[in-house]
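Both complexes shown next keep subunit A, but they swap its partner, so subunit B is in the first and subunit C is in the second.
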Partner chain A sequence: MSNRYVCVPTVTVLAMMKARLTGAVKGHALLKKKADALTLRFRQILKKIVQTKQEMGKTMRAGAFALTEAKYAAGEFATTVLDSVESASVRVNAQQDNVAGVKIPRFERVMTGASDTKMHLTGLGKGGQQVQYCRKAYMTAVELLVELASLQTAFLTLDEAIKTTNRRVNALDNVVIPKLENTIAYIKGELDELEREEFFRLKKVQANKRKVADELVKRRLRENGPTPNGAKGALHDMMPGVDQDADIVF
Partner chain B sequence: MAQAGLPDGRLLAVIGDEDTVTGFLLAGVGNVDLRRKGNFLVVNEKTTVKKVEDAFKDYTQREDIAILLINQHVANLIRHLINNYARPVPAILEIPSKEHPYDPNQDSILLRVKNVLGGDLGAA
Partner chain C sequence: MYGFEALWFNIKDGYLDGVVRGHRSGLLTTADYNNLCQCETLDDIKLNLTGTDYGPYLANEPSPLHTTTIVDRCTEKLVDDWNKMRANADEPLGEFMDYCTYGHMIDNVVLIVTGTLHERDVHELLEKCNPLGMFDSIATLAVASSMRELYRLVLVDTPLAPYFSESLSAEDLDEMNIEIMRNTLYKAYLDDFAAFCRRLGGATAEVMGGLLSFEADRRALNITLNSIGTELTRDDRRKLYSNFGLLYPHGHHELAAAEDFDQIRSAMEKCPPYQAIFTKLGFGESQMLDKVLFEEEVRRLCDTFEQQFHYSVFFAYMRLREQEIRNIMWIAECVAQDQKIRINDGIVYLF
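Coming up: the complex of A and B.
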């Protein structure tokens, strides 16, 4: 009994429930499509993530190697670098991609014109070439990492979105739609029941009216007294004047 | 949105050993604001786990940071925090360091990818 909505079984509510059922079915179809679209995108991203992660390993190794070379050429410049940090010249912009209504942040590397003159000057004394080479290697790494970050964010967002969508699809499929169908069946049954009751009531009323009419006839017969031809009484009663006329004719 | 007040884009933060941090700073990701608060942390053998934890929490809560780069061996120190971290932005990226080669089986994101794919990374 609990698997239906509590409502008054009337034609209006039936129409309302039917409209809701149509809406639920339509929504179910749409959500299913959305889930499919998301999963498609998700699969593409998964492949890319694994590829990029492996690529990142190589890039970082190249970067570390370049750094070692730079250190060999320029000596320990780490402290200089750490101390001369001012404002970031590499930043990321977050943009939004839209996949089937799900907003996915996408990062894009931007080079601001911030003064990284001190960075340029690092290694000016000695080993400048190697330091610049190392710088470039890490720039490549940053570019790759930003791309990877986009993929990873998309992965997390899509994962979440797919879960929610699937939950909604299942909820519609297993809860809302059966419940609405049950409610509609219940209202229809109840309306049929009402109709039968109404029919029965009409029949009863008719029977009652007939009974009352019959009783009226009988009472009149009794009041007029038993006539000699009692069998004809009813007929006479229906045709008043016949009795009186008999006398006149005679 | 969060970057409304930051017209020139958001930062990358780095937590890692000296070499990694130096490299990325050379590339120009470093940023120090007016209060001398930076977006990078150098982890060496003297750095306590608590300090790494604090930095991680700080960087993930700052609105001007979009990507957090963390060395994998450092990430292993605060694995509990990273595994519980669920927000997409800032994105946490585990990167290899010079002494510690990259192990895909420890990366929390790759583990999730693996789960979705059915435990086979090579086939993807």
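Coming up: the complex of A and C.
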């Protein structure tokens, strides 16, 4: 099947198709812009993710080592810490960012301040400072983790969005717009063809009429003899309106 | 101070004294630590430890080793030694050895009690208990639903009962911060242990007196240091200090009032033995304090082996082994986490 829409080649359809084409071109430009914006953001996020991950590695190492120091000084304190927790002291808040119409989830660390005071006394007899130090080290790690989670989710969402947008851009670029153009060309071709046929037909009709009129004049001449006004005058008398044929449009 | 222990000490305790001194020579030396520090993987550490007393305990460990496994096996060695000696101990050595483990027992009771309050599985909790501080009825601790019941049903039969009844009331049990409870109990325990050692008399009383007062003072120092900036009031802080030691009572007043490290320092420096410790520290260096204190403790513990006919060697052996296990843990963690630059920060050389 040829690459065009199936339609009746008329002037109305042509107008419609032209409107669709302008729409498609405009949409294509907009989507292209959106895709560019998304890609820009995507690249930024990717850069940040790499940075954060590297930092994460460092922080986690520091945290693990702080834990070792704390264990060295305070013995096994994990259970004490676990059991003195009543409610989470860190919570994650989810919000939404809007990048070029794509909704991206963003996480934020919120300190609730709960069980802070209780924690201060952990390892009171020995190693309390190291425990606090370890706590701080892991706090920064948690902050980074939340940031990283936020970035990763944004990364995935953006990735998906970019893919769909690109698909749409490509679909418009490679399928819809050429198809519309083809259709328009086809309709125009058809219309021209029709016009030529019409013109030819009119010519034919005119020729026919003239032939009929000539024959009539000849017959009259044969019956009545030559008229003083000559053929031309007789023709005008008998066939008024030959010169302004009603059928002739131009 | 010296009685006639030499006359009768070996009748009852000579065998175990020999055993414990034998164990002492099994402790890792500086050369051993140097070898351990060269290790690149945990398997290397295992290989190095095979030549020591820990060898049989680590021999059957399958290869992906973890720091915790090594530490657990090493602890197992200590616990086995200790239990073997405890089983052979005559009175009053047996009681003395029990006293040595009450500290761990307090930790275990606190662990189980807090665990129970948060409805954790008992078996899971028992696994986390220090094996040195186990007692027969420990599993039943979890049965009690309220603190009053806990005391009435379980604790009353344990050696810890007097510490609970002396220093804690039923309301305290329900409301008190668990760390304060632990330290209150520990204070009562140290006081009791010191009194017990004084009752034993002789060289034991003298040597243990020194060790315990160092322990008490170190605790006082740590409590002060760790409670700066918390909601623990001066009076509460004061209540957690033991009733003996070189700082008692004047130093305690100063410590209770101390608000920062320098004030603590000036309070501590009034005692000549601690002045020497603090001169090793530069001003403002509180991070190194722990290690310096550990070193001082180890020095004192090692000195106990220089004296004859007393029980402190058992206490010293337990503490030294524990320090050694801490050292091994430190080395293993440094190796596992690829932080070998810091490896010397945590090792306290015993001999």
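The criterion applied here is as follows: the second predicted complex is superposed on the first by the 180 of 250 C-alpha atoms of A that agree within 3 Å, B and C clash if a C-alpha of one lies under 4 Å from a C-alpha of the other, contacts with A are read in each partner's own complex, and residues count from 1 in each chain.
Definition applied: a contact is a pair of C-beta atoms (placed from the backbone, for glycine too) under 8 Å apart; a residue touches a chain by one contact, two chains touch by 3 or more.
All figures in this text were calculated on a predicted structure; none of them were measured in a lab.
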item: Subunit A: partner with more touched residues, subunit B or subunit C; value: B
item: First (subunit B), second (subunit C), both or neither touched by A:A64; value: both
item: Subunit B versus subunit C as contact partner of A:Q130, first or second or both or neither; value: second
item: Which of subunit B and subunit C A:Y72 touches, first, second, both or neither; value: second
item: Touched partner set for A:Q152, first subunit B, second subunit C, both or neither; value: first
item: Subunit B versus subunit C as contact partner of A:R91, first or second or both or neither; value: first
item: Contact residues common to both interfaces of subunit A (with subunit B and with subunit C); value: 61, 64, 68, 82, 122
item: Complex contact set, residues of subunit C against subunit A; value: 107, 110-111, 114-115, 117-118, 120, 125, 128, 130, 177-180, 182-183, 186, 219, 222-223, 225-227, 229-232, 240, 286-287, 290, 326, 329-330, 333-334, 337, 339, 342, 346
item: Residues of subunit A defined as touching subunit B within the complex; value: 42, 46-47, 49-51, 53-54, 56-57, 60-61, 63-64, 66-68, 77-78, 81-82, 85-94, 105, 107, 110-112, 114, 116, 119, 122, 131, 134-135, 137-139, 141-142, 145-146, 148-150, 152-153, 155-157, 159-160
item: Residue ranges of subunit A in contact with subunit C within the complex; value: 61, 64-65, 68-69, 71-73, 75-76, 79-80, 82-84, 117-118, 120-130
item: Subunit B residues within the subunit A interface of the complex; value: 1, 3, 8-12, 18-32, 38-40, 42, 66-67, 69, 86-89, 91-93, 95-98, 101-102, 104, 107, 109-110, 112-113, 116-117, 121, 124
